[in-house]
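Heads up, the next two complexes both have chain A, just with different partners, chain B and then chain C.
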Partner chain A sequence: MNSIIQYQLYLRIENDGVFILSNKQIYDYQFEYNRIICDSQILYQIKDIIYYYMSVLENVRYIKIQKIGEGAYGIIYKAQDVQTQEIVALKKFKLSDYEGVPSCALREISILKQLNHPNIIKLISQIIINKKLHLVMNYYDKDLTEYLKFYHEEFHLKNIIYKILLAVEFIHSRKIIHRDLQPNNILVKNNEPVIIDFGLSRVFSPNLTPGVTQLWYRAPELLQNCHSYDYAIDMWSLGCIILEIALNKPLFMGQSEIHQLLLIKNLIDGDEWFKQNSQFAKFNNLFIDLINKLLQIDPTKRITSKQAIQHPFFQDQFAFIYNNE
Partner chain B sequence: SPQKLSPMKPKQVETQSNELCKLINNYSEPILEYYLDLNNQTPKNCLSNHTVSANLRAKMVDWMVEVLTSYKCKDQTFFLAVKLMDSYLSKTSQKHIPQDLHLVGVTTMFMACKFEEIYPVKLQVVHEKIAHKKLTKDEIKEKETNILTTLDFSLVGITILDIITIVLSILNMNQQLYQITLYLS
Partner chain C sequence: MKLLIYEDWKNSASSRDNFTFQQEVKIQSECYQIARDFEILLQNNEHSTFNHYFQKALSIFHRFAHQISFKKFNRHIYMAACLFLSAKDNDMFDWSVKRYTNAFISYCISKKTVDLDGLKIENDDQNTFKLISEKIIDAESHILQMIGYDLNIVVPQIYFQEAKNKLIATQGDIQQLFEFAQKYLLDLFLNNACLYYEPKIITLCAITMASKLLKITIADLSNGNPWNSLFDQNQESNIQTQKEIQEMTNYFDQCIQILKS
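Let's turn to the complex of A and B:
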């Protein structure tokens, strides 16, 4: 069967001369001006012409290719840099009429500016077009959840866990709490993890709001509505993520805050909880010890990111997640 | 800095610093090292390019304390607002006259609130109650964008409050000293 995929190609010329171009398959109806309908081959040719045309214009830097995500804060696009042909991610914030630049955008940009680390997403630039704030960041196509569907090599998994911990240690040493660590916010490229989405992060201070982090990765003190928490909430999320990497499924899948608390209390009962559970029997002792120290109900007993990267599990290069036998 | 701060509620400061000292301890050393790094970049002579006098700046700072305490903002918000104002004034290429300072002060307070507070003061309130309708919302929003581009969006930075808290918690000093140094700064 030889079906020609048809695309609708739409161009938009914004007031200040910035072009935004995107293509979508034809069944996705969205009406924009200057709509051109063509098949993929023609699209390819037109694309070249448009790219050339745009590279001549000074203001044009990025062409939107497709939408990859949407949230309360705004929309994320995959886009291409006209000058370097590099694929980037564009995060668009709506500047609200009432409050100016939204506080999550203020925090995210200024925090990202401080964090220059190989395992943390790099903010290339930020531009304001038509009262809309765009963040330009490196593009990665896989997040940790998708990565785990295809790759299970223990050597790489251990490396990923270690690199995530390094990045978090770096964040904490800058007095910043991420507050939204979850597999969807960890992207993977060439077996190297990158932490993204600092929309909920903030500089540490006493008295914070407890409604942060996705429910499955939320620390027990947050579930109990505690207002003065600290870096330990990130460590709990990491504990959940690391066990998820090992078990290849999310650890606590609560439907509500109460349900989530119940699931946690059911699993972690006493100091020897991991011994009673058969699904942990295949794990290396050092790995279990690390998990146990991360998943402490009491935040003051939970280990810090600094202690975690010095944990014997990472010192022993032959210790992997699973037992060797 | 020479200006006088109006007294803060001692009780509030005490509880805050107690928690801070406790929570910050684990990471205080790398944070302090990092701050010392940043400190080298802090602006000097923020008023040299403008016709704003040091006295007027001090008045502005005083007024900020008054406004921010009356809206029950954190200490950190105040210190951030002052820092934003100073670094904006030292980095901007525009020449500012005394009349401009009001807008800059109001906008930096608004931004600091959004950055630090859980429930920031609304723009409507800033416009009506703080600026007494002398500044329009569009002016404030425009200034905000202006400040952000001038500072290249780097809001996170060292304020004197951070240094005091960390140094004192490392030295394990008592609460009274915390309040006194806070007052003097």
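Let's turn to the complex of A and C:
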């Protein structure tokens, strides 16, 4: 008994092999059990999406719409939940045939499962499609870098800084170090930030690898190859990010570890380093005090996330980032 | 907070599959020994985080084995996969599947009695390597699904580090006590008590056992409370702690008696 089902697929094939729904091209094809009947000459190219749609028929929930990011870990897609019509982000991990599930995926899943906070990305589920692990997460269309290109409302910037600190305080209270805080790992929607990418995160342990955090946001102790660091590395990254929000450009743009360390030491020299640099003159004193406490070279002198959220800059509702004149 | 309530802890998949308590204890102990034998080959014990790694691997194994009957999985492959998973989760380890596969094959060749679904592992050739590494990767995937991808496991070693910094002896060598307690701390994973007792209780139990064995008395804390209230908020919780230390010690002794019989 042959059960032949005829479908029309709307698809566009991009150069990198990602298949995206579109109404530009239409291919007719049929399924006969698992055999594909298709007259198209590009059968070879479209077979993956046909198999994908066959799995949709078997209750797979997500359809990829477009690729929105790519990194060493894998690819992120914007996708749609076929059951709820909700737009989600699908993070697909590259799986090695010989090493199984990547360690960054393992850490990200196990840590995100512990972190239920409005300013931390929500892991909806993890699924395996075609033997590849996908994390299903809430979708946001802008990261902090993109956001800062268009929005400079001081009230919202202060709110974003405060909410990021609240999220980091929550992470640290669970004995977790994020280890990769940077503007690209903070997404923003409706002026509310969420922290993402926990692939490098670790539960605090006395011995950890120093090769973490994007170079521009890396704490001095990591640049000096220290193995026994703690939550203070995240606070350094936050100091860099908060100042980047205020300056609208990255603070230290090193090209190597040594260069980064030199840039840091050239700027932060002595207790009142911020007074020696004209670009900080426009900032409110309370804001400067917060930054100074975050950007301490000595990690033991750096403010903790708990202390940061109690800083007078946030307690005083009239304290803004910039001086008023 | 306890991972499982008492009724759930006692209701393992193997017990539902008609294994007696004695049989389960013996198989769990055998699995623990498999892990130790693998570690002799892997030589991870030089790492500063070895105890964290080993305790996490055994915790993962017990969490998995609680849900799947011992009849339904190969304990050698799954123990290798648990060690591999724990190594992956550890910053300081070389976690290539190659190392774990090679250790597994060496183990099988040395033991001669181990088979994989009826297939004897006697040669260290490329086909065997491919087969074993695939089995370990498949087992890893199965374990992750069964434990809900949750590797955020607090192991007793974290509490033990804290205890080592805070406890002193009124009489006797406290360092010697810590050495013995460290051994007990690993041995307490030879059954699945970690599914019921919290990591702090396991830590205190190991220190209590070492203290009794060596007849070393541990001093009260600086606030005048007994040393075993180290992780407690108040007197009420300490009463519960003392009760659970006693309970767990009895459980461990009961398992040892079964293994001797």
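Simple rule for what comes next: the second predicted complex is superposed on the first by the 267 of 325 C-alpha atoms of A that agree within 3 Å, B and C clash if a C-alpha of one lies under 4 Å from a C-alpha of the other, contacts with A are read in each partner's own complex, and residues count from 1 in each chain.
Everything that follows uses one rule, which is that a residue touches a chain if its C-beta (ideal position, glycine included) is under 8 Å from a C-beta of that chain, and two chains touch if they have at least 3 such contacts.
Bear in mind the structure is a predicted one, so any value in this text is a computation, not a measurement.
S.K.: Putting chain B and chain C onto chain A via the overlay, clash or fit?
M.R.: Partners clash after overlay.
S.K.: Go through the superposed model and pick first if A:K275 touches only chain B, second if only chain C, both, or neither.
M.R.: Neither partner.
S.K.: Once the shared chain is lined up, is A:H152 touching chain B (first), chain C (second), both, or neither of them?
M.R.: After superposing on A, A:H152 lies clear of both chain B and chain C.
S.K.: Touch test for A:D230: chain B only (first), chain C only (second), both, or neither?
M.R.: The answer is first: A:D230 touches chain B but not chain C.
S.K.: Look at A:S103 in the shared chain and tell me whether it touches chain B only, chain C only, both, or neither; answer first, second, both or neither.
M.R.: It touches chain B and chain C both.
S.K.: Looking at A:K122, would you say it contacts chain B, chain C, both, or neither? Reply first, second, both or neither.
M.R.: A:K122 sits against neither chain B nor chain C.
S.K.: Classify the contacts of A:H172 with the two partner chains as first (chain B alone), second (chain C alone), both, or neither.
M.R.: In the superposed model, A:H172 contacts chain B only, not chain C.
S.K.: Between chain B and chain C, whom does A:K189 touch in the aligned arrangement: first, second, both, or neither?
M.R.: A:K189 sits against neither chain B nor chain C.
S.K.: Count the residues of chain A touched by chain B and by chain C, then name the partner with the higher count.
M.R.: If we count touched residues of chain A for both partners, the winner is B.
S.K.: Under the stated touch criterion, which partner chain does A:K249 make contact with: chain B (first), chain C (second), both, or neither?
M.R.: After superposing on A, A:K249 lies clear of both chain B and chain C.
S.K.: Output the chain A positions appearing in both contact lists, the one against chain B and the one against chain C.
M.R.: The overlap between the chain B and chain C interfaces on chain A comprises residues 98-101, 103, 106-107, 109-111, 113-114, 126, 128, 203, 205-209.
S.K.: Give every residue of chain C touching chain A within the complex, in rising order.
M.R.: 48-49, 52, 84-85, 88-89, 91-92, 95-98, 133, 136-137, 140-141, 144, 148-152, 154, 161
S.K.: Residue numbers of chain A touching chain B in their complex, please.
M.R.: So the residues of chain A touching chain B come out as 98-103, 106-107, 109-111, 113-114, 126, 128, 172-176, 203-209, 228, 230-231, 304, 306.
S.K.: State the interface residues of chain A toward chain C in the complex, per the touch definition above.
M.R.: 98-101, 103, 106-107, 109-111, 113-114, 126, 128, 202-203, 205-209
S.K.: State the interface residues of chain B toward chain A in the complex, per the touch definition above.
M.R.: Listed in rising order, the residues of chain B that touch chain A are 16, 19-20, 23-24, 26-27, 30-31, 34, 74, 76, 110-111, 114-116, 118, 120, 122-124, 140-141, 144-145, 148-149, 152-156, 162.
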